[in-house]
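Okay, so chain A shows up in both of these, paired with chain B first and chain C after.
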Partner chain A sequence: MSGYRKGRELIVKRFLYVSRRPPHGTIYGHEGLEVIFTGAVFDQMVTVLFLDDGVYQLVKDQDPGALGFKNYALGFRALNELGVQAICASRDDLTARGLSREDLLVDALLLSSFEITDLMENQDTILSF
Partner chain B sequence: MPSLHTVNKTPFERGSLETCLKLAASGGAVILIEDGVYAAVRDSAGVAMLEARKNDLKFFVLGPDLEARGIKRTRLMNGCHVVDYEGFVALAAEYDRVQSWL
Partner chain C sequence: MVFGLVVNEGPYQHQASDTAYNFARAVIGMGHSIIRVFFYHDGVYNGTRLVVPPQDDRAVTERWSEFAETHQVDLVLCVAAAHRRGILDESERQRNGKDAENLAAGFRISGIGQLVEAAILADRMVVFGD
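The block that comes next holds the complex of A and B.
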């Protein structure tokens, strides 16, 4: 793991990106992915977490072409190759929406509420979209 | 390693407060800002949610946002501390991280 340099010091921080909004209705999801890319290419320790309606962003077979939007969700598949530590989603929030692991376009880590609390408390910075 | 959580939506508009209170670790604090301040009004549905975590979280409300909305401090639930902008900054510095529930 490299990082950015402050003088001669190497800085690597733990960043958690939290997304709680569904895709396409607003620009938050797409813009959020762009920000995640930025954190990842600067070799920071990046984890991405989908909560509430945010889990809808991970659903496979999205096709917003007829809306004139780019299918940005495919970009989530590139995150592992960019060094993102993990893509996480709330198991409860998936279940509440009738979704399971098979419905997702990435191999997400499904977390319980307790695990999510733990994840959040072990970050330097949390950014929400 | 507690966090300061900010909530800026009413509990009627979005589930931000509910999710925040479900996932916030003990020892943390929640500051209600912007439209989030309505949640602290006594006898409102938001207060029931806050009451459930009042033993292990601290609650703050941003004063200028109360005044802007005509909410008198006497209308707030017990145990909710009103802070000004300086107080908000002090809280942000005091806790390890700030998490925004939008």
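The block that comes next holds the complex of A and C.
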């Protein structure tokens, strides 16, 4: 990607993708991941954040094959290699759902609500699915 | 200011498309510009030409088509989302061996890259959805 310029400067923005819904019941998580993958080639600064029921997308050993659904969440493992800076999840939302770091299929950064606010305030663009 | 809009829900099912349309009109009315309106998830249903709007209710797709023409705004349906939901232009119709295309006037079909590009170039991205 040669990139976009403002004058002679290459534009590099801080992108945050937020996921708030659980996997499989609706397509938002799956199609959301497709945007993250595509966006990864644009050389921007990308962070992905899971909130509310979105934390369920990170749970390991999902087996939607019995329903004929794609196990798209395995794709989250490729994000670091694609240049995504961090995969974050709300610590409070995990705890409220009886989940901990050990239940997750990626090594996510667990954030408090203050840290999430801080993260969001420091973005140029937030896209939510 | 340059705005980019994202519409994630289909017409009538959800108010997202209506709110986005009213917001888009306000953006132009206040002298700002819109780099692109990107339709994703069920939002691609806003772009089918085969809509028969109810007589006593608003014509969501037609409104967008008119808005696009009047103000030269770029309306883009995501190709992957459109494939899943059966919205095709002539090129996609041929490429996938289908017997019809159904894209509404004023819309075009393109990749997710157009969403990311809009987000890079716009001053503000506003997402309309559930």
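Simple rule for what comes next: the second predicted complex is superposed on the first by the 120 of 129 C-alpha atoms of A that agree within 3 Å, B and C clash if a C-alpha of one lies under 4 Å from a C-alpha of the other, contacts with A are read in each partner's own complex, and residues count from 1 in each chain.
In the analysis below, a contact is a pair of C-beta atoms (placed from the backbone, for glycine too) under 8 Å apart; a residue touches a chain by one contact, two chains touch by 3 or more.
All values reported here derive from a predicted model rather than from experimental measurement.
By the touch criterion stated above, A:35 is placed in contact with chain C alone, chain B being left untouched. In the superposition on chain A, A:125 makes contact with both chain B and chain C. Within the superposed three-chain model, A:4 lies in touch with chain C and out of touch with chain B [touch as defined at top]. Of the two partner chains placed by superposition, only chain C is touched by A:27; chain B is not. Touch criterion met: A:44 reaches chain C, while chain B stays clear of it.
When both complexes are overlaid on chain A, the residue A:113 reaches chain B alone and has no touch with chain C. Shared contact residues on chain A (touching chain B in one structure, chain C in the other): 125-126, 128-129.
Residue ranges of chain A in contact with chain B, taken from their complex: 18, 20, 51-52, 113, 116-118, 120-126, 128-129. On the chain C side of its complex with chain A, the touching residues are 6, 8, 40-41, 80-81, 84, 111-113, 115-117, 119-122, 125, 127, 129.
Within the complex formed with chain A, the chain B residues making contact are 1-3, 15-16, 19, 22-25, 97-102.
Against chain C, in their complex, chain A makes its touches with residues 4, 11, 13, 15, 27-28, 31, 34-35, 38-39, 42, 44, 125-129.
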